[in-house]
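Next come the structures, one after another.
Here subunit A shows up in two complexes: once beside subunit B, once beside subunit C.
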Partner chain A sequence: MKIVGVAACTSGIAHTYIAREKIMKGAQKLGYEIHMETQGTIGTEDELTPEQIAEADFVLLAIDIKIGGRDRFEGKKVVEVPTNTAIKAPTKLIETIVNQLGLS
Partner chain B sequence: MLKKLQIKKHAMTAISYMLPLVVAAGLLIAIGNLMGGQVLTKFNGNYPIASVFTTLGVWGMGLLAPVIAAAVAYSIADRPGIAPGLLTGIISYNIGAGFLGGLVGGYVAGWVVAALVRYVKVPKWAEGLKPMMIVPLLSSLIMALVMFYVIGTPIVAATNALTNFLNSMQGSARFVFGGILGGMAAIDFGGPVNKVASLFADGMLLQGIQQPEAVKILASMVPPFGVTISWVLARVFKRRIYSKSEEDNIKIAFPMGIVMITEGVIPIAAVDFIRVAVSSALGAAVGGGLSMTWGIKSPVPSGGMFIVPAMNKPLLFCLALLIGSCVTGLVLFAWKRVVKPEDELAKVEEDEPEEDIDLSDLKIS
Partner chain C sequence: MSTMQTNFDMGSVVTKDLITLDLQATDKLGVIEELTDLLVAHGDVSDRQGFIDDVIKREGEGFTGLGQGVAIPHGKSKAVANTTIAIGLSKHPIPWETLDGEPITVIILFAVRDTDANTLHIKLLQKVAILLSDDEFIGALHEIQSKDELIALLRKEPEGE
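What follows is the complex of A and B.
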């Protein structure tokens, strides 16, 4: 399983990065490969490469605001949740998505 | 229906674009004022540096309504929303509808643009004209009519009424108001409830009312300081209410609190949300009530302890902050359960337990 994702919160200094950490840890715990991009106040970091996006089984957006470059994910399966959901239960979130997509 | 409109997401996007501007403009005003600057009105080459800072800050504050309106419209309608959004905001600023007018106008502008992009059909030869001329012109015309004739006047009236109400509040009403605002600003550590309170305080700042801003700043710092106080109390009285990893988190949360980042408390609150949230809100409510009662004003919306000198009563602010933080600290110290050694072991194995969340309406597109 390969996942790509973007995290972005309102103030762009804290929740963004907490969500990123939690999701990465959750995915790694489940044994999935994951790449997370952050769009904080400082700008985009760890930008996803076109190859990473092309290979991903789905896109996980943990965002509270509008993000840039959403068109990159056209044609992919995209799941959007608030950062809070990803922070509270990252593993459950990923498991639920995988089950609903019938990928497991 | 409401969920589909994504009202909150658009407002949050606007706040995220607005924050750096408010901070820069507010600090410029504060620094300029501290140096004795005034707003420049004559442009004849005689520019004292203090006045340059103050003037730029005041101009920057004037940009807020346009930036908010543009960001909301951008969030709704993507790039075509920016130009009509800016125009909507400048109307709001000039007719005195300020922040609120910019916010409401931004939604209307965004929806108008989105509708135009979607429903205006042009012949093939005119396709280049649509984004370059038809959409910007039509949306701006519509927004001019909407802002001047429809939503402008009631918003100006509402803003003025609110301004007068806040200015006329006395005694206990001020305490209650400050308490509610402070409690809201602290209860979810920088989450959505905090953003509502924060939005309100920023809006008031643009109307020249600076007291809510002081409450907001205080309430952002009470949770980290309060948690730190409870930890110190726990050390002094040898009552073990924090595990090792929580202690490490507190050591990070405290310096973050100094620069007004409440979010450092989240890892501590995540483990014991109710107790930490309630005691934080209590402390911030007391501090906020005192701050309002004492008439503390802040011309700057963000910056933590570093902008306290810019306030009108810095020492009283510190006192209100200290009292609020002590309330939080004492409540936490008394209320929190003692960590059992076996809990700590279990925690290491499982690291953090995840909360139950409702994922039933998860949309996959």
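What follows is the complex of A and C.
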């Protein structure tokens, strides 16, 4: 399973980065390959490459705001949740998405 | 880790003056006020009420209680002179809106300048956020006995990816 995602919260200071780390750890725990971009107060970091997006089985957006470059995910399966959902139970979130998208 | 820099010092952001191990306040507003007073005394916040208003405004936009007894209220505000954090530990549980519905005993108040050109300070805050995603770090945070211990814990490098 290959996942790409973006994390972005309202102030771009804390939740963005906590969500990214939690999702990364959750995905790695499940043995999935994941790349997570952050769009925070200091701009975009770990920007997703077109290759990473192309190869991904789905896109996980943990966002509380409108993000930049959403058109990059056109034609992909995109799941959007608030950052807090990702922070609360990242592994369960990913498992649920994989099941609901019929990817398991 | 690709997002991190190696040449930063947490000590430039977190000092003993910005830590209290025995919060007196018993509610959320009281805690925010008590920690803001530390920031004001240290010269990091220039307008006490202005900063508190911005923190409360952010509270209205979504939970800052992460669960596991920790909350991270934050204000990106014109009232902030230096981007930094103030940390309060409480011996009694404080009611807070949290992801696990439980009260908290650790509060990390992020004070961020409205237009911060100092990327380094934002990076340090980012590092704290990353540490907070680590269950082991959260566990250690609840066992802190001294300010030195707390600063040493914050200087810990986050686990690699």
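Here, the second predicted complex is superposed on the first by the 104 of 104 C-alpha atoms of A that agree within 3 Å, B and C clash if a C-alpha of one lies under 4 Å from a C-alpha of the other, contacts with A are read in each partner's own complex, and residues count from 1 in each chain.
The rule we apply is simple: contacts are C-beta pairs under 8 Å (C-beta built on N, C-alpha and C of every residue); 3 or more make two chains touch, one makes a residue touch a chain.
Small disclaimer: the values here were computed from a predicted structure and weren't measured.
A.B. asks: Once both complexes are superposed via subunit A, do subunit B and subunit C end up clashing or fitting?
C.D. replies: Once subunit A is superposed (C-alpha atoms), there is a clash between subunit B and subunit C.
A.B. asks: Name the contact category of A:V78: first (subunit B only), second (subunit C only), both, or neither.
C.D. replies: First partner only.
A.B. asks: Regarding the shared-chain residue A:T41, is it in contact with subunit B (first), subunit C (second), both, or neither?
C.D. replies: So A:T41 meets both subunit B and subunit C here.
A.B. asks: Does subunit B (first) or subunit C (second) touch A:I13, or do both, or does neither?
C.D. replies: In the superposed model, A:I13 contacts both subunit B and subunit C.
A.B. asks: Which holds for A:L30: it touches subunit B only (first), subunit C only (second), both, or neither?
C.D. replies: In the superposition, A:L30 contacts neither subunit B nor subunit C.
A.B. asks: Would you sort A:V98 into first (subunit B), second (subunit C), both or neither based on which partner it touches?
C.D. replies: Once the two structures are laid over each other on A, A:V98 reaches no partner at all.
A.B. asks: With both complexes overlaid on chain A, does A:K88 touch subunit B (first), subunit C (second), both or neither?
C.D. replies: A:K88 contacts both subunit B and subunit C.
A.B. asks: Is A:M1 touching anything from subunit B or subunit C once the two structures are fitted on A? First, second, both or neither.
C.D. replies: neither
A.B. asks: Report for A:I65: first if it touches subunit B alone, second if subunit C alone, otherwise both or neither.
C.D. replies: The answer is first: A:I65 touches subunit B but not subunit C.
A.B. asks: For subunit A, which side has the bigger count of touched residues, subunit B or subunit C?
C.D. replies: On the superposition, B touches more of the residues of subunit A.
A.B. asks: A:E21 in the overlay: touching subunit B, subunit C, both, or neither? Say first, second, both or neither.
C.D. replies: It touches subunit C, and subunit B stays clear.
A.B. asks: Once the two structures are superposed, pull the subunit A residues common to the subunit B and subunit C interfaces.
C.D. replies: On subunit A, the residues that contact subunit B in one structure and subunit C in the other are 10-11, 13-15, 18, 41, 64, 84, 87-88.
A.B. asks: What residues of subunit B sit close enough to touch subunit A in their complex?
C.D. replies: Touch list, subunit B to subunit A: 8-10, 12-13, 15-16, 19-20, 74-75, 190-191, 195, 261, 263-264, 266, 270, 354-357, 359, 362-365.
A.B. asks: Show me the residue ranges of subunit A that touch subunit B in the complex, using the header's touch definition.
C.D. replies: Against subunit B, the touching part of subunit A is residues 9-15, 18, 41, 58, 64-66, 77-81, 84-85, 87-93, 96-97, 100-101.
A.B. asks: Across the complex, what residues on subunit C touch subunit A?
C.D. replies: 2-3, 58, 61-63, 66-67, 72, 74, 76, 99-100, 110, 112, 116, 119, 122-123, 125-126, 128-130, 132-134, 158, 161
A.B. asks: Along subunit A, where are the residues that touch subunit C in the complex?
C.D. replies: 10-11, 13-18, 21-22, 24-25, 28, 38, 40-42, 45-46, 64, 82, 84, 87-88
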